[in-house]
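Starting off with a structure, shown below.
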């Protein structure tokens, strides 16, 4: 297995030769994960993605967990939803990609919902300002559009990042086949309850069951009663 | 992260300023969870929801686990199905919501089934009496209707709570986009086997496998035989 | 919560009064599970079902786990797939059901596949001989048919059990709404990988990851090579 | 339960009598798993498949886990995606199958996506060279085609293995009913996030939640900011 991170320490090697990795069908862009996931240095964390390589650009997707904060009662609750991070990076030659020129776009739960419910002839577009409501608001504007290729054959994904300070606009675009979109739709549908933290509420709950002697009669749905 | 509960101790602060929380896209209405989930004081519990904020009202959804009771044999079985709690609360100004005026509606498993199978042009309506078959029957009547906005663009959700004692009717209504409904459909489909307890039957079973020497020949499906 | 098993010891009480349990929306036919699941006496087991009550009959569904047998190598493999058990029992009065007259039908994985892929205007029928290939073959013949009600409004389920020894035929039939079928489709889709044992292959695998120094270069997909 | 491996030690017994096993509907081709899964000798591993037997051939499917490699930070990441292995083996008489003549085809994640999104009238075809980019490239060429039977009644699966060294071409073909394809689609959709390793990122993460006192205010989505 090719370890891409070996190619990345020096600038000249940033243009990564993915030739060998590409044909294997099992490529993981390892450095991509290590830079985009800010918390990799937490031991025990696991990383996985889904990556597609096309003529002009590549796209890698990986899920980001929600953040729980502790309650005084000993329980915990989501204080920040997770997301699905899209990482685009350009081709700079035949089967060569420059990961240092990556563009990031983090899909919120509702944007994930938009993507997984997209009909074959439908399109959608999302706009992000990573610094919204801070003093840097408006400095960087991002957009992601997903438009049908036609004939139920997949979609074009286009990302644009406008930097008003550096007066630059970077764009990357790549086609996604129907099969690749099925992988994206299935993995994002799987990820959605998890990035909202619902799995942690519904699974791994270790309350002992009530002893049958003390099963009380209750109307249903009892919690509605308080209103 | 804004902790809403800090704003709620005094009455004057009940009108919660959600302005800052709203734009972040990662809002969790924490007090909402702590009041609607009666059992929060059990240590170790986790809480998660999916919340959408609209012009006139907000809607938060969170799953409620089934209840298991112990059997004499040492096993346990579901004695009360879980549900998905919908919490509606009104806007009282631009991006300000009054959580103290919340209206609750707990979806049963079959109501969840109705919602996740709703076609783009279909509607459904549910009626609840939280005190049915008790001495308070008929005092409070609730209804929830889900009707299409049109053009496959989402649904209107309308809740009405009629209190025959206080002679009041409270109503809240908000639109849900197609993307938001996709999140609701996906998370509710995920939650459904869990609120019925099927995951606990199918997962985390630690019976040791039978030793191969004692694998007996059995007709299939053997348990049908007793009838 | 009403515990039905209290009503069942004597014959006269077999006609169970489900009136109170029915409206609660949280009914679990507990005795149903304890008799149909032959292995309830294994401590630690959990039981859950989905039950619908109609005018002439009720239907309860619960999943049955696959059976693993141990290998000499220390691993284990499925030697018998799980199933989804359908339990039909007749109404014998208004909201009264006689569980002692239950009829059982265990859906195989492929029958589950047939059910979850059923179009709104399609029907299917399954035939079982619980004693097939034994000396009792042909003594009991069972059939289950699922036919559309029409207008995408749900299905009729009909079970017939022909006993050639006792010269009896028992039949039960009930309608399932579209919402109830959505619950069945969703829970059966959830159960399917589990009754085949795929979750146990794909989850809870605790192999330590290979140390990165020893990650060898391998062609993909390597296991195809041996043929 | 019939254990097929008992029939396999001597060549003459390789033609396995599956008659008894077939009708039971609970057959697991145990030897199939033990030979195709090269790593069975790792203790603790579990094996499960989904197998269909037809007039001229049988098909068994089982999932293969991704491979994680350890990071210096203590975490780990996928260095090789998992797959779903298809094993075809020919019938050599009525209900007799010769497992020694098996043909293997490992579906990549994107090929799984192609299969699960296949419309009722659509077809797809995959080509593999198990030795691509090695010195043996081109010696063996494999193809798998999936074509509709017509009338939304299922698909034909055709595998061909061309060996340029031995100058042989082996072909196997079998029909899959709509119900069987629903099982395949459901189990492959379940397996897909797992063969990409997403479940291990999203589940079983045991980070303690941040203490609420230290929940910092962060813009969303913060990780986009670094680009």
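Here the chain labels run A, B, C and D in written order, and each chain numbers its own residues starting at 1.
Following the convention adopted for this analysis, a contact is a pair of C-beta atoms (placed from the backbone, for glycine too) under 8 Å apart; a residue touches a chain by one contact, two chains touch by 3 or more.
Owing to the predicted nature of the structure, the values given are computational and were not obtained by experimental measurement.
Interface chain B/chain C: under half of the residue numbers present appear on both copies, so the contact uses mostly different residues. Using CA-based centroids throughout, the chain positioned farthest away from chain A is C. Rounded to whole angstrom units, the spacing between the C-alpha centres of chain B and chain C is 26. Per-chain Cα centroids separate chain A from chain C by 36 Å. Residues of chain A in contact with at least two other chains: 1, 3, 24-26, 68-69, 71, 76, 79-80, 108, 132-133, 199, 203, 212, 215, 218-221. Contact residues of chain D toward chain A in the complex are 66, 68-69, 71, 73-81, 108-114, 116-117, 124, 132-133, 189, 192-193, 196-203, 205-212, 215, 218-227.
Residue ranges of chain C in contact with chain B, taken from their complex: 1, 3, 20, 23-26, 28, 30, 33-38, 40-50, 52, 62-65, 67-72, 76, 79-80, 83, 85, 102-106, 108, 128, 130-134, 140, 142, 161, 177-183, 186-187, 190-191, 194-195, 199, 203.
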